[in-house]
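The following pair of complexes shares a single chain, subunit A, combined with subunit B in the former and subunit C in the latter.
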Partner chain A sequence: MTRQARYRIAVIVGALVLLEVLCRIGTIDRLTMPPPSRIALDLWVMLRSGSMAGAMLKTLTNVAIAFIAAVLSGVALGVFLHGLRAVRETLDPLFATYYAIPVFAFYPLLIILFGLGDTPQIVIGYMLAVVAVIVNTLNGLDRVTPVLLRTARIYRMGPVKTALKVTLPCAAPHLLTGVKLALAYAFIGIVGAEFLMSQTGMGFEISFAYNNFDNAVMYPLIVLIIALATAINMTLTHLEKALLRRRGYQ
Partner chain B sequence: MTGASRGGARNSLVLVVSLVLAWQLLYAFVGDKALTSPLGTVRYLLALLATDAFWLNIAETARAFASALAIAIVLGLLIGFAFGINRFWGEVMEPMLVALYSIPKITLYPIVLLAFGIGMPAKIAFGVIHGIVPVAIFTISAVRNVRPVLVKTGRLFRLGPWRTVRKLLFPAALPEIFTGIRLGFSLTLIGTLLGEMFGSQRGLGYLLMTAIGLQNIQVIMAVTLLLVVFAATVSTILLRIDRHLHRRAT
Partner chain C sequence: MAPAHVSLREVTRVFPAPGGRDAVHALGPVDLDLRQGEFFAIVGPSGCGKSTLLDLIAGLAAATAGTVSFEGREIRGEVPDGIGVVLQEDACFPWLTVADNIAFGLREAGAPRKEVTRRTGDALALMGLGDFANSYPAQLSGGMRQRVCIARTLVMQPRLVLLDEPFGALDQQTRLLMGDELLRLWRETGATVLLITHALDEAAMLADRIGVMSARPGTLLDIVETRWPRERSSRIVADPSFGEITGRLWTVLREESLKSIGAGERR
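So, the complex of A and B:
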């Protein structure tokens, strides 16, 4: 472990201890936040009882749907746009400013259009995720060396076969960056939408617990979601680095 | 105007026209129940803009957003310079900031509400939480990448720490810092609006959420349009300045 990582753990542990002390001596009152040790205990009880299993399954299923749809259609759209220069150039300003647009502002409209079920949440997750996949697919395809394309032509591969056998594998590191972002964004989109207005899922349970002043449920859930998101991200970042190393970067 | 930016302007124009056409087609397809037409939405927005009540909501959101952005930039720059100059602590803290970037921060909102109470301070705090991360991350990396010869020159001229930052580090790091501020702008806006969509009694986000209950599709479409046009316009301008700064620096 590097010295930096040891210090990082020390900072996190230090912050937790400080919070614990502040909560115990009453600087932070109980109604605002229970001590971290108490939250950990509540989380353990919650996970063992399985009371949140349904909500967790719901959220993860919706994240998976939005994520898979975004990756599949994003890669396909990326390959498609890469071949159409004019369309791509027209869409460039959209891609450049897309993440500046508050996508959640569309949530009320989606609720009116699709009703208050899973669909508006999945659409929000998808909308946030898909553009990251498209942009990174285009980025990756731009960096495919021409000699590979010529080789594909010599083997008389069609466009679909060229994409599947040559260009996409070659662009894999960039694709993985897109996939990583897509997962993070799908998660943010689904949980955010659940939190704002919905009837199920972990985001909903957090806002429900907040409205009932139920800190024994709210804080463990928040910790759980943050831990889940961080674990997923760290795994994908690790994969990305391993792939880049194998390709001889760094 | 250079050839590239003229091409960019033409692309933006084609894009906007195509989006409006797509909207009109969708409207023709799904009808009055689910959507309002582009023209109808603009008309309704203009009618809203003629009322005082609507301006009160705009002013509320604008105040929260402007305060949050100012705090996010100042704190982000402070954190960025502190951890950019001190390389070791920068390496300790940066992964934590990156992790904060990719978690669903909306789950932290109940904690913010419990800490600040419902109202202006909570909205501002939530905007800051979103916006501060990109400003800090980009500033850290910008300051770290300033050419060592510049810092040595500064030492040679016996510049104090404050003047080293002001005369050397800041100008040299400005292009990258500006990219961080540009992303910070977008995220602060998203954070402020999310803050208003949950647990708020004023502002554009609040207006959007209450319109769901009233099934008021006109208000939803008009407010969403206003927000999208504002975000896209400012972000396009910031992107132009950003590219100009980067071109000048190389």
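So, the complex of A and C:
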């Protein structure tokens, strides 16, 4: 473990200990937040009872759908746009300003369009995620050197084969950046949408617990979402590092 | 005399200019015959269309006028079977190991797995890359990476190998040694070799015949025969006729090189 990693863990543990102390001596009152040790215990009880299994499954399934749809269509659209210079130059400024738009503002419209089921939530997750994939795919494809494209022609590869076997593998580190962002955005979109418009899912359960002053459910759920998102992100980061190391980056 | 392995007739390449500016006449007309199994080098001032010429023979670009044919068939728009190309820049795929880089073309061509393994192993051994089969290109030096690119071309067993300034990015000593290696491979494979280079000594040391090109639009000014024996190595740089050949090339090229840097009138 590097020294930085040890410090990082020390900072997190220190913050938790501080929170624990502040909660125990009453600086933070119990109605605001239970001590971290209590949250951990509640989380353990919640996970063992399986009371949130349905909500977790629903949220994770929807995140997975939005994420996979965003990655597949985002990469395909990226490859497509990269081949169409004029269209791409038209759209580039729109991509650049895209994240200035609060997608959640569209939620009434999405309910009108898709009804009250899971669909509008998945659409919000997808809308947030897909542009990050497109932008990073374009970014990666821009960095493919002409010599590799010439090599593909020497091997008599058509445009689809060239994309699948040369340009996309070459752009893989950038694609992975897009994938990581897509996952984060899909989580934000889905959980946020569940707060607003759902009767199920982890976001809904947090908001329901909040409305009922049910700290024994709300805080463990928040911790669980943080843990899930962090774990998945760390796995992807690990993959990214292995990929970059292989190509001679540190 | 046997029919030419590669033949160019009245080949011209003009790059159309966008936006109504004058089109660029890059090359030609060029007439050239490469003999089966010979080592032919082309030297010329920078920007004379050497690489354009290689693109035309490789089928990577189409001639504006004239015909290019390989083994009696006209080349049009696609790299013909039996032609291998080694480019100047590092063309290794950084996401594949050395062995996978070399096997790439065979797999693309749908060769059976056993054959891929065998031929890749042969190519690794031939280029002295055996210990690096599982390394990634980023772990290799520039010279080693260029060997991977050469191995990757040779594994396809081309009958004509086109090399576009393959050693341009290497230091002088490595270039001489890679030249030796190239001569050995040329003898062992029996392929026809066309080497594009700006280095007169490289051309003089390696080739049977050397085509000297003019400044743009590139045409062939002269073809110099070196008369080296087939068994030769970089040691011939010490041979008196090596200096003679290099000198003769420079005599033809000096004027053209001056033109290409825009100083032709000064002499």
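The rule is short, and it goes like this: the second predicted complex is superposed on the first by the 250 of 250 C-alpha atoms of A that agree within 3 Å, B and C clash if a C-alpha of one lies under 4 Å from a C-alpha of the other, contacts with A are read in each partner's own complex, and residues count from 1 in each chain.
In the analysis below, a residue touches a chain if its C-beta (ideal position, glycine included) is under 8 Å from a C-beta of that chain, and two chains touch if they have at least 3 such contacts.
For clarity, every value in this text was computed on a predicted model and none was experimentally measured.
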Clash or fit (per the criteria above) of subunit B with subunit C on subunit A: fit
From subunit A, separation angle of subunit B and subunit C (C-alpha centres, steps of 10 degrees): 100
Which of subunit B and subunit C A:25 touches, first, second, both or neither: neither
Which of subunit B and subunit C A:1 touches, first, second, both or neither: neither
Greater subunit A contact set [subunit C / subunit B]: B
First (subunit B), second (subunit C), both or neither touched by A:112: first
Subunit B versus subunit C - smallest C-alpha distance in the overlay, whole Å: 16
Those residues of subunit A which subunit B touches in one complex and subunit C touches in the other: none
Residues of subunit C touching subunit A in the complex: 58, 60, 78-79, 84-85, 87, 89-91, 93-96, 104-105, 108, 136-139
Subunit A residues within the subunit B interface of the complex: 3-4, 7-8, 11-12, 31-33, 89-94, 96-97, 99-109, 111-113, 184, 187-188, 191-192, 195-197, 203, 206-207, 209-210, 218, 221-222, 225-226, 229-230, 233-234
Complex contact set, residues of subunit A against subunit C: 145, 147-148, 150-151, 153-157, 161, 165-166, 169-170, 172, 243, 246-249
Subunit A-touching residues of subunit B, taken from the complex the two chains share: 7-8, 11-12, 14-15, 18, 30, 34-35, 88-89, 91-93, 95-96, 99, 102-111, 113-115, 183, 185-186, 189-190, 193-194, 197-199, 205, 208-209, 211-212, 215, 217, 220-221, 223-224, 227-228, 231-232, 234-236, 239
